[in-house]
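Structures follow.
Each of the next two complexes has subunit A plus one other chain: subunit B in the first, subunit C in the second.
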Partner chain A sequence: MLPQVLHRAYLRCPKMPQVSWDVLSSLTVMVVHYSFLYMIFAMPLTLSYRTTKVINFVHSNFITYGAYVAILLNGLYGNRNMLLAMASAFAIVGGIAVLNNIAVFEPLSRRGAKPVALMISSMGLWIFYKYLLYTIIDLATHFSRVNFVSYPKIVYEWIPSVSLDSVRLSSSFIATSLSAAAMIVGLYVLLEKTNLGRAMRAVSDNPILSEISGIPKRTVINLTWLIAGGIAGVGGVLWTSYAGAITPEAGDSMILQVFTVGFIGGLTSLTRTCIGAVLIASIENYGITLLNQFFRVETSYKPFLTFVTLITTLIVSPPLGAGGGLPYRLFRRVGKSA
Partner chain B sequence: MPEFDLIGFLVQWLTVFGLYSILAITLNLEAGFAGLTNFGKVVFYGIGAYVGATLTTYLTLYLNNVDPFECPPYSIDGIVKLIELGGKSPSLSIGLLALSLLAAFIAAGSVGFLLTYPILRVGPAFVGFTLLSFGELMRIFLRHYEPVGGSKGLAAIPRPFGWVGDPRLSSFIFLLLVLGLVALTYIAMNKLTNSPMGRMLRAVRDDEIAALCLGKHVPGIKALTLFIGSGFSGMAGALMAYYFTSVNPDMFVPAVTFNVWAMVILGGMGNFTGSIIGVALFTLMDRLLAFITPALGVAVISPDYIRWMFVGLLIVVVLLFMPKGLLAERPLKTPALDEARKLLVEGGGGA
Partner chain C sequence: MASKSIPTQLIYLIAGVLIGLVAGYGVFSITAPQPRPGEVPTGEGRVFTIGFTLPLSGELSSIGKIWEKVVRLAIEDLNNEVKAFGLNITFNYEILDDETKEEKALQNVQTFAQKGIKVVIGPAASSQVKVVKAFADENKIVIISPSSTAPTLALKGDFIFRTVGSDAGQAKALATLAHQEGSRKVIVFHRNDEYGRAFADFFINYFKDLGGTAVSQPYQTGLADYAAEVSALAGRVQSEGFEAVVLVAFDTDGANILSHAAESAILSRVRWFISEGPHGASELLTQSVGEFAAKVKLYGTRPLFIANPLYIELKERFKEMFGLELAVFCENLYDAVKLAGWAIIRAGSYDGEAIAKALVEVAKTYYGPSGWTAFDETGDKAQQDYGVWAIVKTAEGKYEFRDVGVYERGSIVFIEVAYK
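This part shows the complex of A and B:
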């Protein structure tokens, strides 16, 4: 295979750190895996922001709730069918997202609240849902005597793992890549080929004009929330097949990566969000391995690389269209016209 | 049942109330007046606390002829030495206190100033998120940085008034210091927001483009606001380190920020008195919960979770049904407004 030949050539180079083929190939599989996961986590964020204009901090709860729907089904009823878990997670988390919109975001925007107020209310909801989940988990643990606070990885049935010429693709990888592909194709068909998708794009481009043209804006926004919440919930289910242990902090611990991916996409472009997912997954995993090899940097510093990417994105190519923002200079140039 | 110690309760409650008041007042300046959605309040609080703690412990050892690099303050020997040496000399304690407060102000303020650069050109959402994640990174860094104690943090920070002798008297003097700083913050922020700068801040909050078109230096004003707000939060952090006599990375979780936000939103954005009322209500609730929780015994659902669910719901409910909070924003106090009021009271008619 070509990659192996290239790797052998690399190993002949003098003075380079020796990375074995096994390490490199498993690292690359991990990068691809994370890219797909970040796509599934971050694309609904972009989708919900561009249609509803709410910076949704509850998004991290969506992921956690999705994971816990799968965990509770597994722990209480012994469910190992991934499709069933995904369908339940889609329905429950999507329902929560619609409920949020009907109860909080819609009344606030109808009153003409600023985007900042919407964001702060989503922060309030974030705190509420986080501790609601802790309460539910405590109750479930108390009554079922199963430890739900730190739950091991779920092994789902029916999904095979594949070995390709010394590279092993786990069943979680297969499930994640299939889901990501299905999501991308589904979103493409939905947004480009159906009336609902056209209406969603119209609402995101110009809400007032779309309403004048007779598009039922409320229904479109509710459906957007259902889809966005549902996909994030499905992402949570996939996470249960990959992570070593799932805790109620699962979504929160990924919020930096997920939002950075969304910000790279400017919270408007789904294509750029996909690119952002690949970028963040590569920078994080390759970057920390290199730093670890060369400078003995601890792997727990991984989020720093993401944060540097975030800051660089904000300085070099700030997402001006999203959530306000003006092109400034910090220091005034005295005596020169701008 | 132990006897209820009213004075002890009041001193404890008011000290925590004072620390949170400084955070809430400065957050109100940033979020309520300047429209900077600072979701990383805890960053500046934490920087202040760590700067204060590090300076005090290292210098206490050094000035008492113990080499802090051979016997670092986070080691067992260092802690023993600190307990032995700390808080003996009034001049040293007061000097270290003043130095820590100053250094905390400068360090936290500078970080705030520098952090405005990447967030200048993006909307409030990105500002909030960037500051929030910076806080989490700071926590990861502190956990792994050995000179400030790693995940265990620094302990046995000498109390600034330990030389007084009577612990009750020393904590009372400390309370006076905290309340003094609250008063200073309150007066400074009131003066600031009732000045031309206050009008500029509101202009930036309400319409950045308009403010920019009127020739206001919007980036500068944002950076200055974050410098002042963060500086005062840093001082609160340093005092907090003295109050608890220890710091560790897990004290500075995002929950602290959300607590302060809930207080400010409940009290009313753009009204400092409202913030203080919000802080009083919240800290009182926490103190009472701390009394009630042990009485409940072992419960299936932790009261802590219920408390946090209540905080989250409160933010949403206040925003939905009482968007101005308990006390609404007032117009600026200017000489012109006073004149106009006087004319109205006197029945007008002109000069």
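This part shows the complex of A and C:
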């Protein structure tokens, strides 16, 4: 295989630090796996923001609720069918997202609430949903006598693992890759080839004009929430096939990464969000492993690397066009001095 | 004129309200009945409330939820015991969630203090105990942690008591275990918090005393996943030729780390030794982790008085009542509740200083599911035994935690063969 040949050539370089093929190959699989996971987690955040203009903190609940739909189906009914878990998570979490819009965001917007007020209300919902889940889990544990507060990885049936030479692709990797591909193709077809997608883009670009043009803005926004919530919920199901232990804090623990990926995408561009997912997955996995291996940097600095990326993104290219980003400010200064 | 009279009227109004408040408070203070703080007199006798700050959410929520049930059971048992002695006293409990966060634990202790509660059980983590310590000492609130084990908190003359021995002892047991099992060069993969850092330091010192080499590799806590950390660990294990990994973790992070390690060819070739944190976590009883445990001959240590009939009885009652297995430190929590109750009774007055003194005396003669509970001069459990645990496959093909050895007079004695 070409990568192995290149790796052997690298090892012949006398002064270069040595990384074994085992470590490098498993690390690369992990980076690809995480890239797909972050795409599935962050793309719905971008999708929902660009159409609804709500910075949605409930997004982390969407991921957790998706995971817990799969966990409760597994723990209470013994379900190991991932497609069933995904369909249920899409319907339930998508439904919650629509309900949030109808019950909270829409009435507030009608009363003229600014985006900041909507963001604060989403923070309130975030706390509400977090503790609602703990209550549900308590009840489920009480009646079923299964500990749902911390649940092991679910091994789903029908999904194979594949070995390519010395590289092993787990069933979770296969499921995540296929789901990410399906999501990207699905979103492309939806946004580019369907009337609904065109309507979503129109609402995103100019809500007032789209409404004047006769586009049912309310329906489009509700459908956007359904899709965004649903995809994040499916991401939660995929997480149950990967992480060794899942808790009600799962989504919250990923909020830094998911928002950083979304911010790299400017909360508007799905393509840039995908690039952001690959970037964060690489920084977190290649970055910390290689820094640890070569420079003995402690792995506990991993969140720091993500945070530095977030700060850099906010300074250089902040989302929402706030301040125009560093290049814009520099150009403006140059223009003024001229 | 009008513009001058309004401020004057306002001043009179504010002064009137203030005088009224002060006078009202004075009259109320004199005439109102004076219940002792934390104690509610009722027609049926005296009622004391014990405060609990538990990790019902956050990183330790999986054990916190089980502890909540242990509290119910222990309070019920305490009340039955008190009644059996013919005392007209009832104990109530108030549980607050500290989200496994330091500042939230402090807030909870402050809330209890405002309510006049002088005895608080919890918090769970050493980092939390460290944060509440100053407030507890200043306000004479007796803190009894059932699970904080950091040796750095073993301090004389404070109001912090721990119904478990400090990790200075467990680190020695774990170092002995790793050395006795033939490992000479180990990497300590530990939580980057008070518990993990202190445990790792003590382990490394003891292991070096035994003639081995040990280095530490901390990881950040509270993450959703530890795949990158495990990958970095695999890199170091391979490049530096470590013979064993010593994992110092809680339950959720420990389970996550082991599930990723199970998929690593490099980490499946070295031995694994673990602290008490992940013991009892149901996430470890999966097929992949069970097979990994057998492959690497995974052993852990934990504070345990092995074959204690009171522990076995508690375990069986708990299983019968709630259908769940006891999690780590449940027996220490149970004993903490009993000690707190009897110390309040023995103290004679509901005062932190008196209760702290009484607690030491009560503990000298109390024997519970965690063994003999006497405290040493720093307020930690004086006599702490350590057991060796493993993840063993049952006849039905499932996996379970089993205590397979004890630490005795400086060496590990196995009482059962865990892995063939």
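A few remarks follow.
The working rule: the second predicted complex is superposed on the first by the 320 of 338 C-alpha atoms of A that agree within 3 Å, B and C clash if a C-alpha of one lies under 4 Å from a C-alpha of the other, contacts with A are read in each partner's own complex, and residues count from 1 in each chain.
Keep in mind that, in the parts below, a contact is a pair of C-beta atoms (placed from the backbone, for glycine too) under 8 Å apart; a residue touches a chain by one contact, two chains touch by 3 or more.
From a predicted model like this one, the values you see are computed outputs, not experimental measurements.
Look at A:Q293: by the touch rule set out above, it reaches subunit C but stays clear of subunit B. In the superposition on chain A, A:I55 contacts subunit B only, with no contact to subunit C. Of the two partner chains, neither subunit B nor subunit C is touched by A:R110. When the two structures are aligned on the shared chain, A:M254 is found in touch with subunit C, with no touch to subunit B. Of the two partner chains, subunit C is the only one touched by A:S20; subunit B is not.
Of the two partner chains, subunit B is the only one that A:S121 touches; subunit C does not reach it. Within the superposed three-chain model, A:D138 lies in touch with subunit B and with subunit C [touch as defined at top].
Comparing the two complexes, residues 130-131, 134, 138, 298, 300-301, 303 of subunit A contact subunit B in one case and subunit C in the other. Within the complex, the subunit C residues that touch subunit A are 56-59, 61-62, 64-66, 192, 217-220, 222-229, 231-236, 238-239, 251-253, 255-260, 263-266, 281-289, 322-324. Subunit B contributes residues 35, 37, 39, 116-126, 128-130, 133-134, 136-137, 140-141, 143-144, 208-209, 212, 217-220, 223, 255, 258, 261-262, 265, 300-302, 305-306, 308-309, 311-316, 319-320, 323 to its touches with subunit A in the complex. Against subunit C, in their complex, subunit A makes its touches with residues 18-20, 22-23, 26-27, 30, 34, 130-131, 134, 138, 141, 145, 147, 149-153, 155, 168, 170, 242-245, 247-251, 253-254, 284-285, 288-289, 292-293, 298-303. By the touch rule above, subunit A contacts subunit B in their complex via residues 55, 104, 107-108, 111, 113, 115-117, 119-121, 123-132, 134-135, 138-139, 142, 255-256, 259, 263, 298, 300-301, 303-304, 307, 310-311, 314-315, 318-320, 322-330, 332.
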